[in-house]
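Labels run A, B, C and D following the written order; every chain starts at residue 1.
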Amino acid sequence: MKIEGSYTVQAPRDAVWQRLMDPASLARALPGCEKLEPNADGSYTAQLNVGVAAIRGNYTGRIEILDAVRPEQYRLKISGKGTGGFLNGEGLIMLAETGPGTTEVRYSGDAQVGGLIASVGQRLMQAAARQIVGEFFQALGREVQSQGG
Amino acid sequence: MATALLGERIKRKEDPRLIQGRGHYVDDIVLPGLLHLAFARSPHAHARIKSVDVTAAQAAPGVVAVYTGADLQGKVGMVPCAAGIEGLKVPEHPCLAVDEVRYVGEPVAVVVANSAYTARDAVEQVEVEYDPLPVVVDPEKALAPGAPRVHSKLADNVAFVAKLEGGDWKALEAEPGIKVIRQRLINQRLAPVAMETRGVVASYSPGEDLLTVWSSTQIPHILKTQLALMSGVEENHCRVIAPEVGGGFGSKLNVYGEEGVACYVSKALGRPVKWIESRRENLQATIHGRDQINDVEVYVRPDGKVAGLKCWIIADLGAYHQLLTPAIPTLTALMIVGAYHIPCVFVETKGVFTNKMATDAYRGAGRPEATYIIERVMDLVAAELNLDPVDVRMKNFPSPKDFPLALPTGVTYDSANYQRTLKKVLKAAGYTKLRKEQERLRKKGRYLGIGLSTYVEICAMGPSSRMPAGGWEFGSVRIEPTGKVTVLSGTSPHGQGEETTFAQIVASGFGIPYEDVTVLHGDTGVVPMGIGTFGSRTTAVGGTAIYLAVERLKKKMARIAAHKLGVKPGELEFKDGKVQTAGGEKAMRFLEVVAEAIFAKQLPPGVEPGLVEQCVFEPANFTFPFGAHLAVVEVDPDTGEVRLRNYYAVDDCGRVLNPMLVDGQIHGGLVQGIGQALWEEHVYDENGQLLTGTLMDYAVPRAHQFPWFETATTETPTRVNPLGAKGVGEAGTIGSTPAIVNAVVDALRPLGVRHIDMPLKPEKIWRVLRSASAA
Amino acid sequence: MKIRMNVNGNWREDDVEPRTLLVHYLRDVAGLTGTHVGCETSICGACTVLLNQEAVKSCTVFAVQANGAQVTTIEGLAREGKLHPLQQSFWEEHGLQCGFCTPGMILVAHQLLCRNPHPTQEEIRKGLEGNLCRCTGYQHIVKAVQSAASKMSATEPVRAVAAAG
Amino acid sequence: MIPQSFEYHVPRTLEEASRLAAQFGADGKFLAGGHSLIPMMKLRLAAPKHLIDLTCLRDLAYIREEGEHVRIGALTTHFRIESSALLKEKCPLLPETAREIGDVQVRNRGTIGGNLAHSDPAADWPAAVLALEAELRAVSPRGERGMAAKDFFVDLMTTALASDEVLVEIKVPQLGHGTGAAYAKLHHPASGYAMVGVAAVIALRDNGAVERAAVGITGVGPKAYRAFAVETALHGKPATQAHLNAAAAHAAEGVDVNADLYASAEYRSHLARVYTRRALEAAVKRARAAATA
C-alpha cells in the first residue's frame, strides 16, 4: 500500500525537525502511543493502541530513523505486530520551508499490512492510514506550538 | 403410491429433514466431553518460524492443550497428494507448519479448549515469531531465473511439466493460407465457498482402539484410508462418516491437515474433538479453484476451419499439493479441443508453486478452463474472419455419425449431436431476431451482446486406468424381510439428490413403490467400499453399480419365483409390486418372493438364501456430456456495468433420470459459471496477502443478479453405462462462463474489442470503452 | 447474564455470557441446530430466524439483546406435524440441494410473504438478497416462493408465526 | 465469528446511557441495532469492553410530522423508514434510500441512528441526510443540541458526536413545492455497500431554473460529503441536460477518493459523476412533477 501526502506545520523547519527527533514529542504525537522507549541502537520500541473509531488494535513495534539529513529529510522504518496482524513500512520524510515559519512535511512510503487487517479491512485501509497519519501531523503541529516553536 | 419410473420428476427423499432443520451437519454433532479446536495461522505468505510460544495460550481459561508443528512431527503423517504425474515434485506438507510457512492462513499451532469461545480466545495468545522470507505470488515471476523459491529444498518452482501433442504439425505449419491467431487468456483464481464450511469431529475410543471421524467430505472412504495412514490407527479400526454435507463443489474432495490434527488430538487426549472452519479460514485455507494463464495459438483456414491449436498453460498450484492439485490442470489439456474436430493439438502444462493456498478441484476442475479457451477461440476466429460465431462452430463440429470419436488429445468421445443442441438453443433464443435487435440498438449507441458456448465436458469419472485411486464405484441392494429395500452406495452425494435418483432406479427396477427404498451412503461403517462424489460421476457410475445390483437380484428373484410358479425365469417381469408373467396370468407378490428368498423354505437348488447383491462397477470410458448456451447481455456505456438480460441453455447429459434434479444442477452450475465471468475473483496482493478475505469482498452471486434461465435438454444416451446417463453436476459451470464473456466481447465489438479478461468488472469495461472513444 | 426467551412457543431461561451470539444460543444452548452459520460477516443469511416475527441474522444479534423476545426457528415452522406451505413448496419445487441455506431461505421468504403476499419475480429476488445459496442458482427457490404465495393466498391469509401461538 | 468478552449494560434512561458512556470512555460503545458494530466485533476488529445497549430506550423509535419537519427517532429501523406511509408522502427520499441498505434482515434490525453514528464511509444514510439538510440532534449530560448534517461527518468513521453523546433524532425539513429528490446507488457486488451513492434534492423555480440543489455523496471519500461544487454549478441555471451534466462533473472535486479491489480512485470518481448526474436527472423529473401536481 502506497502512503503519501503532505502536511503543513506552522513552525520553522528546525523546530519541526527537533520535534520529529524528540522521543517525548513523538510519544505524544503518535496516535494511541502508550510507550516509546529508545533502544541502544538508536531505534525505538513502541506500544500503540491505534485505529479508527471502534476499530482498534494493540501493536508492539520498532521505529527506526535512518539516513537523517538534518533538517531536510530522513527515512523512517516501522515494523510492528499485534492483534490486527503485522505492519512493515518504510518511507521518506522531507521537510521544506514553504514560507516564513511554515514547514511542509512531505511523506511517501510503502506499507505492507498482513493478517487480519489485510484480509478484512481492505476497503477502509487506505482511508484509515491517511487519517492516522493526519492525526499524527496534527498532534505534531500542536507539539511544535506548545514548545514555542 | 405410484411406482416411480426413471425419467419422472420426483420430489426428493432428502428434503423433509432438510426443510425442517432436522438434518445433521458436522457442527450439529455433539458428543459427551467434546473439546473444541482453534488453529493459529500464519499472517505471512512466506516466513521462517523462529519460535512458537504457547505458554500464555496454555494458561488461558478453559484450555486443555496446545500443540505446535514441532509437537506433531513424526506423529501425524503428511497431507497426502494422490496425483500421479511423471516427474512430479511433491514437497513435504505437514499438517501444522514446522520450520516455514508458505501461504497466509497456513496452520501453525492448535489450541484445544472446552468451548469454541475459549479456544478462539486462547488462539490469539499463541505467540509466533516469524522471520519473513521473499514471497513469490505471480506464477510467471515464479518461473523466472533467480525467483524466490517456495520450497528451498527444490531446485525451482516448477512442480511439473506435462506435454500433450497430436496430429501432423509439420504439414499444418507449412500449409499455405493458414492463419495464426494468438491470444492470452487468464482464468482467475476462485473460492469454492460451499455454504457449509469445512468441519470435523474426531472421536477416539482407546478401549476399542476405534477412531470415528465425522467430516464434511465428498470422499469418506478415501478419507478413511488417508486418515488411517496419517494417524497410525489401523484402517480397519477407522470409521469415517460424512453426515449432511452443506455443499462441496470439489473443495471437500480432499484430505486436509486439520483433519489429521483432529484425529491426533483426539487420540492423544482420549476425548472427542470438534473443529468448525470459520468463513475467513475457509477463504484462506480451503482449496481454491482455476488460476491458469493460457497462451493460445490457433491455426485456422480462411473458411473458418480450425486445423490446429497450441496452448501453453501456466497453472498456479499454490504452495503445496492437496489431494489432486497437480492433476487438475492436466484435465484442461485433455479437453482443450472441445466440441470440435481439430486434428492438430499441442499443449504444454506447467504447474508452478507460489506462496498461496493450493488450487485443486473446484466445480468443473480443469474443464471450465479448457472450455473457456476453446469457446473464446471460436469467437476469436469468427471475429478475425468476420464470420458468424454460429457458422464457425457448425463448420468445426464433428458429425453425429463420427462417434465414438477418438481425438488427438487421447480421449474418445462417446456420443454427441452438437448440431442439435446448438440449433435448439438458437431457436429458443430467437437468434436471428436478436441479431437484428442488436443492430438496431447499436445505432442508438446501446451495446447489446450475444454470446455462445457449445461445450463438451468429461464426466462420470472414470475408468480406473485413468484415475489416481480407482474410478469404479460400489453399490449394494438388500431386500429386508418386510420388503423394504436398503441401498448402499460408495458415492457420497451432498445436495445432488441421489438418495432420490438411486431410489428411482431401484423402485423402477423392482416395480415397487419409491417410498419403500432407502439409500444409505457416506458412512464407511455401513458402506464397505467406495470412491465418492465428484467429477459428475455419482449417477453415471454409482447409479450404474446399483442398477446392476438390482439386475442381479431380479435374476435371483425371478429364479425363485419361477420355481414357485412353474414358469421360466425369463418369462417373468417386475411390475406393480408383483413378479409376474407378461400377461399377469401367473404372479407372485413382490413380498411373497422376498419371503421365499429369506425364509428359504423351498428355494431352487443352488440358490443361496437372502436377497443382497452388490456390484463394483468399472466404467470402460468417461462420458462426454455437451450443450449449447446463449447469453444476452447489455453493457452500460456510462459505467461499464453488465446486465445479464437473457440466458438460454440446452444441455445433453444423456438419459435424464429426474428432470427436476437435472434442472437444479444446471441452474446452480450456471450461477457459478456466470459468477466467474462477472464477479468472482480471489485476490492476493503482491506480498501474498489475501485481500478477498471475507464475503464482504469475495462476491458470491445473489438471486437478484439473474434473469429467468430458459433451460431445455436433448437426450443422446451413452453406451458407457447401461443407464445411458452421462452426468450433469458440472455442465452449467463449464458451459456458462465463456457464453457470458463472448456476449460482452460481442457487445463491444463495434469498438474493436477483441478480448477482456475475467471477471468482467465494470471498471475494466469502462476502461475499454474509454480508450475506444479516445481512439 | 440471565435471559428469558420464547423459542418456538416455549419460554426458557438461561444464563449466558453477554457475548453469546443468538445463533450460538439457539444451537448450543437450546439445541436447535436447524439454524446454521455460513459466514462471519452478516452476509450469507444462513442463520436467519424470526425475532418478534421479523427476519434477522441471528449471527448479528447477541442473545442478551433478544431477552424477553419471541424467536421462531425453522424447527418451529411446521404445525402439528403439518409442513408450512413454504416448506411444502421448497420440497415440491426443488428449492434446495445441500439444504444448508434452506432454513434461512425459508424464513426470509416467510418474511417476504408476510409483507407482500403476491410478490413479483423481481420482488422475490430482491427479498432474497440477504441470503446466499451456492447450489440451486436461486431459480427453484424463486419458484418455491411463488408457489407458496399462491398456496397461502388460496387457503388462508398469511399466517404470521407468533411464537406464543 | 466469536467476539471478545464485554460487559453488557442496559440503561433505562438517556441520562444513564450518557453517564455510562462518560464513565467508560474509549472502552465503551453504544449498541443500537448492532449491524455496524457486531460484524466488526465478530472479526475482532473492534473489542469494546463495555456495550451500552440503547434499544431499551423505546421512545427513540418514532416517525412523526411536526410543523415543517419530519422527526425520526434515532432507534427507528431502516425497515420502518422504508415502509412508512408518512415518509413516502412527506419525504420519499428516505424510504427510497432505506430500500437500498443491506438486505431485509439488516433493514429489520439496523437503525438510522446507529448507521449515522457509526458513519461508515459507504453507508447510505449519510448521503440522504446531507442532501435533505437534516439536523442531527444529540443528548449528553451537558444537554441537547442539534448539528447540521454537513457538520456531522468529520472523518473516516468519525462524527461530531462526543463519546458520551447519544444521537437521538434526525429532524428533516419537508420539501417545498416544486422540489424533487432521488437516490442513485451502485452496490458493491459482495458487501452491498455503496460503491457510490448520491442523494440529490432539487427545487425548481416556476421558470424551470434551479432554485436550490443539495447533493450528498457517500462511498466515494473517507466520509460522506456535500457536493457543494455541484450545487453551485446548478444554482439559478435552467435544469437542462447540459447543465446537469456540467454540474455532475464536479461530483468528486476536492475529495480524497477511495480505492479498493472493485474500483480505483479514478473509476470511482467517474462513477460519482455518472451517479450524480443520474440522481440529478431523477430529482429534476420529480421536481417538475411536483410543480405540476
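Just so it is clear, a residue touches a chain if its C-beta (ideal position, glycine included) is under 8 Å from a C-beta of that chain, and two chains touch if they have at least 3 such contacts.
As the structure is a computational prediction, the values presented were derived from the model and not from experiment.
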| item | value |
| --- | --- |
| Most central chain, Cα average position | B |
| Far-end chain from chain B, centres as C-alpha averages | A |
| Chains most often in contact, by C-beta pairs | B-C |
| Chain B-chain D separation of Cα centroids, rounded to whole Å | 44 |
| Distance between the centres, which are taken as Cα means, of chain B and chain A, whole angstrom | 49 |
| Centre distance in Å when chain C and chain D are each reduced to the mean of their C-alpha atoms | 29 |
| Approximate Å spacing (C-alpha centroids) for the pair chain A, chain D | 32 |
| Multi-chain contact sites of chain C, meaning residues that touch two or more partners | 17, 19, 37, 40-41, 43, 129, 131 |
| Multi-chain contact sites of chain A, meaning residues that touch two or more partners | 83, 116, 120, 122-123 |
| Junction residues of chain D, two or more chains touched | 1-2, 4-5, 43-44, 190-191, 193, 261 |
| Interchain pairs in contact, sorted by label | A-B, A-D, B-C, B-D, C-D |
| Residue ranges of chain D touching chain B (in the complex, touch as defined) | 1-2, 4-5, 43-44, 186, 188-191, 193, 261-264, 267, 270-271, 274 |
| Chain D residues touching chain A - in the complex, by the definition given at the top | 29, 37, 40, 43-48, 118-119, 121-122, 155-158, 191, 193, 221-222, 256, 258-261 |
| Chain A to chain D touching residues, read off their complex | 52-57, 83-84, 116-117, 120-124, 126-128, 130-131, 134 |
| Complex interface listing, chain C residues touching chain D | 1, 17-19, 21, 37, 40-43, 45, 48, 51, 54-57, 59-62, 64-65, 108, 111-112, 115, 127, 129-131 |
| Partner chain C, residues of chain B touching it in the complex | 11-12, 14-16, 18-25, 27-28, 116-117, 193-197, 244-247, 249, 276, 278-280, 494-497, 660-661, 663-664, 666-672, 694-696, 700, 702-704, 706, 708-709, 732 |
